[in-house]
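Report on one structure; see the data block that follows.
When the chains are written out, they are named A, B, C and D in that same order, and each has its own residue count from 1.
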Amino acid sequence: MPSSDQLETPELLLRKTQSSHWYVEWMDAFSAHFHAVKKAIAAKTTPFQQVEIYETPKFGRLLVLDGDPQSSAFDEDIYHEALVHPALVTHPNPKNVLILGGGEGATLREVLRHSKVEKAVMVDIDGEVVDLCRKELPSYSKGAFEDRRTQLVIDDANKFLKDTSIRFDVVISDLTLPYPDTPSEGLVTEAFFGLIKNKMTPDAVFAMQASRTERGMNALFIHNIGVLKKIWKIVRPYHAFIPSFYSDWGYILASDKCDPIKLVPETVDQRLSAFSSSLHYYDGLLHPAMFTLPKELRC
Amino acid sequence: MPSSDQLETPELLLRKTQSSHWYVEWMDAFSAHFHAVKKAIAAKTTPFQQVEIYETPKFGRLLVLDGDPQSSAFDEDIYHEALVHPALVTHPNPKNVLILGGGEGATLREVLRHSKVEKAVMVDIDGEVVDLCRKELPSYSKGAFEDRRTQLVIDDANKFLKDTSIRFDVVISDLTLPYPDTPSEGLVTEAFFGLIKNKMTPDAVFAMQASRTERGMNALFIHNIGVLKKIWKIVRPYHAFIPSFYSDWGYILASDKCDPIKLVPETVDQRLSAFSSSLHYYDGLLHPAMFTLPKELRC
Amino acid sequence: MPSSDQLETPELLLRKTQSSHWYVEWMDAFSAHFHAVKKAIAAKTTPFQQVEIYETPKFGRLLVLDGDPQSSAFDEDIYHEALVHPALVTHPNPKNVLILGGGEGATLREVLRHSKVEKAVMVDIDGEVVDLCRKELPSYSKGAFEDRRTQLVIDDANKFLKDTSIRFDVVISDLTLPYPDTPSEGLVTEAFFGLIKNKMTPDAVFAMQASRTERGMNALFIHNIGVLKKIWKIVRPYHAFIPSFYSDWGYILASDKCDPIKLVPETVDQRLSAFSSSLHYYDGLLHPAMFTLPKELRC
Amino acid sequence: MPSSDQLETPELLLRKTQSSHWYVEWMDAFSAHFHAVKKAIAAKTTPFQQVEIYETPKFGRLLVLDGDPQSSAFDEDIYHEALVHPALVTHPNPKNVLILGGGEGATLREVLRHSKVEKAVMVDIDGEVVDLCRKELPSYSKGAFEDRRTQLVIDDANKFLKDTSIRFDVVISDLTLPYPDTPSEGLVTEAFFGLIKNKMTPDAVFAMQASRTERGMNALFIHNIGVLKKIWKIVRPYHAFIPSFYSDWGYILASDKCDPIKLVPETVDQRLSAFSSSLHYYDGLLHPAMFTLPKELRC
């Protein structure tokens, strides 16, 4: 048995408790969020991007693409409820739904909650990300890929949109941010949104995740609002705070006919009624608050 | 003139561009926000706490007490508008206002915008913090300390409340978080809130900053709601996203008579009308949205 | 093709170049080394410890046990040459060699360079670490595990030492640091070193890695010197700077007969002659310098 | 008195113990040393560079110029003993000594220990750094600026060298690293070293701090050795580990006559005898070891 003498050296007493493994989200050169990592679950370079999945003590599994956090097990419900349901309750009869991106399968999961949905086509460029998420983040898709209404297409969004003969009632864009040299570069332009609109029914609803809304970080959000206004008559930015992003995240809903700010809470709740009890974040009461931006952000 | 030969060594080519000076807000052992620092403006230990002011490239001057960020020049307007105006528009005739804490002077500045205010008493335990903020953060108080309606008291909040003979129409608590071994330890209890209520008029309004609202970080916020409900009949939690806190910050308004959620936007805007154009964040339209929490947070 | 408009938002221009994945070696609560990680190669929890292998841009593959760096592909040659060769040249005829720990297989590789070695027994408690290193760090062992002189024993060092009937000419301890709750806890005591000596020939040489030598971090090094002096007559601390440890690492050689500081450079070089050209760090000229510690460290 | 209820919220239990203030030495984009800061003592921008002094828990006061650590109270004795004494014992009769840079005054302090020194001229470009060090780091200069043998010149080294009529026996360069856009840019060229030699006596000794010696980080060190070899016949690189730099730091001694590796320990100790007891790091025994570089570094 060891004698106690070796326990008295400072190095041993200083046995460190801090995490030795970190994922860092750099906002810019001057600010960063540090996330301790319990374990690196996956790390690979696909033909399109770098994919990492980290197990974190605070946010559970965290999906990272090209260094940017996409969603965490801890709060992906907030992110995906906010992305999907406002569009699907704003359209009175969403039968055909298109999802762009959304490799985790959680956007699909939320879309399939709506019983009016007859067909949900999900188009993601990166089949390896989809496969990895199905394997390592099964709670995200929760069987959505096996739903008979689901059609999974591994393809470039531009190409799919050009080729498809379907006309969609709702299109939901869950693409990554359009950084240079990433698969989403160029996917926030008039040309691209016009292509989407071409494949939508006349009263269809479009919704997209649109980056941060907060002061000093919202140029892309404002840019997106401006571009959408060139394409659709009704453009309604909205927001939801995502804890693991440390950000009040922006979304935009656009349509030529349907206006989300005309929906009263009771209508929202009624359209959600079949599954409203399983939602954590969104409901009729929150709906108008989500579409109310602070004074300085209104445009 | 130097010849070019010495420029070719890797070390010189790698001349680093990253910041070498950082302020880190640790949320817990597993997560932290890193803020680059341009310059440490002040660093001192007062009898009550450790005070630092950093000049940051992203958020301007940042006041830090005992390691916790208090407010930044970049967005203190959001934080202070959200703290002050809901209470002052909810009370129909706020003549006497008490501010607890708020050493920066910005809470006072916002209170003094309301022309009905006849007396604003600010009680802060730490005169050195107040002096430092007046000197190094003059844009925060903007002359508020010189306003003839202002009475600045450097004292313990408990002691002031026991001794004062004034009865206040509005009390605003801008105290630091009640960590052990800080001046605010124990200032979120029934006893303390009861003491405040004793010095308020019957239809008075109380508002406080109440820590984070976000999932996983909101136990103190929920605790505070519960304690206030033991003291006041109407307790209304509300929130505002503060970019430099990376958090959807919580506030609570409490009263026995006045209910903020009964105010329509037009009333809010009318009560703000004398200075509404100078506000950046808050207005009548935002008022109901601020008082609407996500489904999972309602209680 | 994307129009250029979306490229002008600050977020896209600020596309971050900093690494988002870091391994951090905490020295204590006040100092840490940050290592960017290209990819997490392996991460597992064995019955004995937590094992990670990181691919780093600066030091190549880095083996980490319980948060502590063990060796990097970039400079493990320095660490292992310094650990092994002084002992093996100090003993005139090292036939039977015992290695304690050294899961990477690089200590074994260096021992096997000496043609006088007839048997090299390596005892490591953690077979999973050994397997992982053979698979993911093959350049470390370079076939050493397949050498006919090698005997690999997966066992507790204490137990092996009690049971073995072999008497060793050289014993090399490459155990991890004796932190509480790690496999090496208690392995720097008189009892343990006495157990080792019992299984050594009378003129045998013992060498160990012995933690940091630098001022303020060397209490364990000094402790080890003191304990060894209770067991052996000749105790010679020495050192080698290891870049990836950012430390002037300590080693200790002990014997009752053989004294390394009596070896002249020529003898060292002659004993290394069969393979001296393949060494990068150690040679006869460096030998006396390694055994010369700064004035303040001599004892 | 506060009831205990508020102490149970996780946020309060998680009251963080980690430092919130850090100085970071970036080695390159992939590696960095983090130093906790107790207090920022000074931060200013002079006409020549950015100066910071941090009080750290681990290394005491740390002087930082343009983001690079210069020396710490914890181990500046090692750095300065290694820089000064090899040169001053190598020259048999050092009467006139020139110091380039060395704003802290510690190089001067070490030079003045030698009783043969009659005149010590220190030339530093940045008077504000010198003043700040005298005020905030008084233990570094320990009265050296007041010594009657000292002549302090605030000037550009190039200009001083061109103008001076003195011929020096020893010149010690303690300039910062020659990064672009810093005061030392261009000060490691043949032209500059030639200018120095012009103002030295025929058997004079030159010594300089010469950046890191470690593998992968030593291109500047090797560059410097090469340049000095064009100017002097005898060029001897040497090294000393500096804990707060986490580096085996390089120095170079050059002369046409005096060779440090010909000095036996006894001569070194004799030349140091007047003050050897006050040295912590350097002595005759260490002298030859300092001048012995690992095999891979010899050239």
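To be clear about the criterion, contacts are C-beta pairs under 8 Å (C-beta built on N, C-alpha and C of every residue); 3 or more make two chains touch, one makes a residue touch a chain.
None of these values were measured; they are calculated from a predicted model.
*Asks:* I'd like to verify one number: the distance from the centre of chain C to the centre of chain D, where each centre is the average of its C-alpha atoms, in whole angstrom.
*Replies:* Comparing mean C-alpha positions, chain D is 31 Å from chain C.
*Asks:* Go ahead and note the Å separation of the Cα centroids belonging to chain A and chain D.
*Replies:* Using C-alpha averages as centres, the distance is 53 Å.
*Asks:* Report, in whole Å, the distance between the mean C-alpha point of chain A and the mean C-alpha point of chain C.
*Replies:* Centre-to-centre distance between chain A and chain C: 46 Å.
*Asks:* Which residues belonging to chain D are in contact with no fewer than two other chains?
*Replies:* Residue numbers touching two or more other chains: 18-19, 28-29, 32, 217.
*Asks:* May I ask you to sort the chain touch graph into line, ring, star, complete or other?
*Replies:* The chain contacts form a single closed ring, each chain touching exactly two others.
*Asks:* What are all the touching pairs of chains?
*Replies:* Every touching chain pair, ordered by label, is A-B, A-C, B-D, C-D.
*Asks:* Enumerate the contact residues on chain A facing chain C in the complex.
*Replies:* Checking each residue of chain A against chain C gives 1-3, 5-12, 14-16, 18-29, 32, 39-40, 43, 52, 64, 67, 177-180, 185-192, 211-212, 217, 219-220, 223, 227.
*Asks:* Provide the residue numbers of chain D that touch chain C in the complex, in ascending order.
*Replies:* 17-19, 28-36, 56-58, 74-75, 78, 213-217, 240-241, 243, 246-248, 279-283, 285-286, 288-289, 292, 294-296, 298
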